[in-house]
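What follows is a set of structures to go through.
The following pair of complexes shares a single chain, subunit A, combined with subunit B in the former and subunit C in the latter.
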Partner chain A sequence: MKEPFIHIKNLRTYFHTEDGTVPAVDDVSLSINKGEILAIVGESGSGKSVTSLSLMRLIDPPGRIESGEILFEGHNLVDYSMKKMRAIRGNKIAMIFQEPLTSLNPVFTVGNQISESIIEHQHKSKKEAKQLTIEMLTKVGIPRPDRVFHSYPHALSGGMRQRVMIAMALSCNPELLIADEPTTALDVTIQAQILHLMKELIIEFETSILLITHDLGVVAEMADRVIVMYGGQIVEETDVFTLFKHPKHPYTKGLLSSTPKVHELKEELVPIPGSVPNPIDYPIGCRFADRCALVMETCRTVHPELIEVKPGHLVRCWLHERKGEGT
Partner chain B sequence: MMHYIVRRMLQIIPVLLIISFIVFTLVFIAGDPVALMLPEDAALEEIEQLRESLGLNEPFYIQYGNYVFRMIQGDFGESFRYGQDALSVVLERLPATFELAIAAIVIAIMIAIPFGIWSATKQNSSIDLIATGAAVVGKAMPNFWLGIMLILLFSVTLGVLPVSGRGSIAHLILPAITLGTGIAAEMTRLIRSSMLEILNQDYIRTAKSKGIKSVHVIYKHAFRNALIPFVTITALQTSTLIGGALITETVFAWPGIGQLLIQAVNTRDMAIVQACVMIIAAIVILMNLLADIIYRILDPRIKLN
Partner chain C sequence: MTGKGHLLEVRGLKKSFEVKSGFLKRNKNDLKAVNDVSFFIDAGETLGIVGESGCGKSTTGNMIVQLLEPTAGEIYFEGEDITKLKGEALRKKRSDIQIIFQDPYSSLNPRMRVFDLIAEPIRTHQTISKKVLEERVLELMKVVGLNPSYANRYPHEFSGGQRQRIGIARAIALNPKLIVCDEPVSALDVSIQSQILNLLVKLQKELQITYLFIAHGLPVVKHISDRIAVMYLGKIVELTTKENLFKKPMHPYTKGLLAAIPVPDPTQRDLKEHRVLIKGDIPNAVHPPSGCVFHPRCPYATELCAQEEPLFEEKESGHFAACHYPLREDKGIVYLREGNHHGEVHFESKKGDARFN
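And then the complex of A and B:
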């Protein structure tokens, strides 16, 4: 049985803008088990990226973690000083981002940027760090790693750059890798290679992954467990098979039917009508109510809670709350 | 790299030719130099003789051709005021101008880098407000006014620094501060705005996510990128200072090219004016080339070709 090593409890991260307060992450609780790939799915603005940045304590003003706990190895990261956080970042929790070109510093060589973490966290000499960097570049499948060591990011292809990012993130053997849309900016063929590489490496490095994505194809390919976010909140949480076979939340169902499937080419794609509500002024009831085909009176007036409908399957929806009460 | 530099050096020649043509034409239009060279009561034959001997009766294009031909040999004509070769008069003044320009740039950099970075990293803090406020004031103060105020305070009232002239380090302080203030203001604003832009880049977030010290994030990852526009502007500023410290050099009687040029224009010493403008033009062009080369060294994305 995989056991959780990260618990996020009732996390609230708000952005205080001139127009008002944006509850980007609004009472989110989740846990990540050792060796597991947990995916967070949602549209832009659903709070998935802010959740992952909060976990790293990388929220810049006007954003702020308002309340909640991030428990990692028994310690609450929310209380950590920046100095203590630095020992976690890149060392125990590492991150890769969507756009590898802009995520790498254009004026430093690939080797310099990877060995930097190794020197910082593992206290190696420059020479040892170079050795380790070249080993890492080899592991992520980069040909002629000693040449790439001296290359600048702009000289590499998109796939190579993302491999470099992965090498950099895994260089200190972290316990958790946060991958924020790791394949969104890549060609489809390269996407498959990168996903395959990540899967291989986490077995070798015994790393867990928090995968942030809006791509259900990537989720099906990678994830063990899935959290669906909408309007800064978790609306459904379950294992990957249940999510695709028996989705409960109307939003999850909408996401699935708006995604093309290879085996059902003739089936028409059904978009979810409307758009995400203004986060400064969320409705008092369910945040999805205005776009939901099954909306009821209660949905508009009372905010639904996240309810466990089956062991390990959580849903935030009045439809299921009623059923849950009945059985 | 060498190929690029050689090609750029060759491109300087046509630019200098065009400038020489403009300068020559302006001087030609400005009037008859003979009128200034001879006393007012000079005989007509005497005037005619001098015009003939100076080649001033030739058509414009012949005169220009002769001028360019002599210029290539380093002969800009003789200054009637100094009674010497114009080029050597100008070259004598160059060290003073360089000295002042470099001192001003060094002062400006020493102020601009820390304040620019501080105000960017602590945006909207009191340090930021003071630095940006000071930058606006520094930029708004005209050099002649600031120079006179500094003389009044430090030379006249406190009597700690010399009023004018060149000689010791003490002589350099006031003109260098006068000239450096405006540049420091402009540089501070430049560093602040480029740092603010860079600190929002994805690669800064990556650097933070690696857990490296914030000093390294700011000075290595961010500032190294901010250096690219900064160095370019600094090289261009230096070239403007060499040609353009006219007011400061005049206020402090600093014996540089700027002062020489103003005096030469006032006395219509055209040989000096032409030599000054050509030398300044050459320096500006070379500094531009230098800026381009440094720019390409600092930014690996740009290839030299």
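And then the complex of A and C:
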């Protein structure tokens, strides 16, 4: 079951702004296995969302995929025309966003929007599509789905809208669901409901999930594997248990120690000093060097490579250049 | 509770907003944003208020800073009802109660330099010489961790965390006794959040400030608060020390909130599967449910809950809750571990609370 079906190889997505070029995604390689939840964690500007948008080929000027490959079912999506991409988007790869209100069309009913993609991709009749839509709405836990079918998005609560988005995304039984901060805009009790729902549904639909989030709590509850991004690059990649128990990159450690741990009585928050460097003018050495407590001479002058320190555990840090050393 | 002794005491505070709806906006309804809220804060402590969107936590904060006028109720600050104050007396009190806003982008005037932003409250409330003012502003910048050489820059040249530091400098400029922190870290990245939280704790120690700390998430509130009030649909449903709240929550809503927090520890996943999620959505505040406002979502609700509103009362010493059937301590679910996170986790039972299953 766990074999990769999406390979991203050396992806570079740059934004050419008036102030200069922003390497939003800078040489990112990753693969997603069948049936797994891969999480990408990072703070604003780390490139996590742009990576997922590149995968869907949703990069608009001034952004551009400069180089790299996105291999899906043996084809390179980077070479696909927009017309060919349309057959993939929403059908084989679906996406849900942070703010469901902006991703739903306000002038069409919920049912109309979900059945549209079913008619388009699965070539069903209007009647069949309606039936399928109501089935999907039931599956995502919407009460009175036949009434919600005729509702407009504004009439629904945030949690219900996100359920509608999930119903829409899963309606064509995609291979991959990209969830970009799916619960960030929701209240915590609703977030718990949505996360629970997503977990149930991926078992039923056998969908893989690429989960983009900044919340390590959500990662710990959902992910199988985790990629930590910083400054447009992957700085650490490993399975979720190793990440929380034996993090290697100082940035990952910093993120963990600056996250409030609600279930411990005494805690100390150790913040990461400073802030993210300007992407137009990244340092030549390690991009985290200025904020790193363990910074060395080499870090400032030579850019570290992403090294496999243990099978499946990759780190971009000079401290771990030699295999298995350091903690 | 009396007005004396506490730095701040709020009694029966209410705020309604008129909501118009329907054809030609003919239907007028009252939205009770804050509905009969009472609490106190002692000097030097931090009271946290948590709740989900629309529970009235920010409205409560805004009334205390006198940005909103209460519909009913009293706010005693150092024994004096500040809702009755007017003119000069009110202006003077205002320098004692300051606020830090959530969004450091919209709360700073983009056309003012950092120096003027921080000097503004001082200029408004005090008459001091230019030289003293300059010294004071540069000192404030140092205190909040901003490089004083940036005094002539504009807000857009700063990152979110730095802007929040400017907001904090403005708030402490007049040596206030109470600061209402309205979600001061919600808009910031995780690594920056902890910088700001640590700064607030440091300032509290150094300047003896009292905080009313408002947030939508328990993790952040827990870190900084001594006592925590949980709000739901305009009411405080539980108020107690943070140890009590995490160890033995009495209100089912508090318990649900605790269970809903994602735990940054993947080894606890299976245990969490047994925790029960609060069902449904937050009801419309214009037409709140009868009886206990939480009853439609409560797993324990009975007919009594639908009919009669529970009183907000002291169930145990220092532990207030508004519930007909307050929860007793259960051993199934551990919300709080003693010691640091390297310590042994001890779970009594994996089955969870019998009443939940």
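Operating definition for what follows: the second predicted complex is superposed on the first by the 318 of 327 C-alpha atoms of A that agree within 3 Å, B and C clash if a C-alpha of one lies under 4 Å from a C-alpha of the other, contacts with A are read in each partner's own complex, and residues count from 1 in each chain.
Everything below uses one rule, namely that a contact is a pair of C-beta atoms (placed from the backbone, for glycine too) under 8 Å apart; a residue touches a chain by one contact, two chains touch by 3 or more.
If you're wondering where the values come from, they're calculated on a predicted model, not measured in any experiment.
Peer 1: With the two structures laid over each other on chain A, which partner does A:77 touch: subunit B (first), subunit C (second), both, or neither?
Peer 2: It touches nothing on subunit B or subunit C.
Peer 1: Who does A:104 touch here: subunit B (first), subunit C (second), both, or neither?
Peer 2: first
Peer 1: Once chain A of both complexes is superposed, is A:235 in touch with subunit B (first), subunit C (second), both, or neither?
Peer 2: Neither partner.
Peer 1: Applying the document's definition of touch, where does A:120 land relative to subunit B and subunit C: first, second, both, or neither?
Peer 2: Only subunit B; A:120 stays clear of subunit C.
Peer 1: In the superposed arrangement, which partner chain does A:88 touch: subunit B (first), subunit C (second), both, or neither?
Peer 2: So A:88 only meets subunit B here.
Peer 1: Just to be sure I read the superposition right, which of the two partners does A:286 touch: subunit B = first, subunit C = second, or both, or neither?
Peer 2: neither
Peer 1: I want to verify the contact counts: of subunit B and subunit C, which reaches more residues of subunit A?
Peer 2: On the superposition, C touches more of the residues of subunit A.
Peer 1: Under the stated touch criterion, which partner chain does A:43 make contact with: subunit B (first), subunit C (second), both, or neither?
Peer 2: Touch partner of A:43: subunit C, not subunit B.
Peer 1: Find the residues of subunit A that appear in the contact set with subunit B and again in the contact set with subunit C.
Peer 2: Shared contact residues on subunit A (touching subunit B in one complex, subunit C in the other): none at all.
Peer 1: Could you pull out which subunit A residues touch subunit C in their complex?
Peer 2: 43-44, 157, 159-160, 187-193, 195-196, 214-221, 223, 240-241, 244, 254-256, 258-267, 269-273, 275-276
Peer 1: Please output the residues of subunit C touching subunit A within their complex, sorted ascending.
Peer 2: Touching subunit A from subunit C are residues 52-53, 159, 161-162, 189-195, 197-198, 216-220, 222-223, 243, 246, 256-269, 272, 277-279, 281-282, 334-341.
Peer 1: Could you list, by residue number, the parts of subunit A that touch subunit B in their complex?
Peer 2: Residues of subunit A touching subunit B: 56, 58, 82, 85-91, 94-95, 97, 99, 102-108, 116-117, 120-121, 152, 154, 165, 168.
Peer 1: Which bits of subunit B are touching subunit A when the two form their complex?
Peer 2: Listed in rising order, the residues of subunit B that touch subunit A are 201-203, 205-214, 216, 221, 224-225, 228, 298-301.
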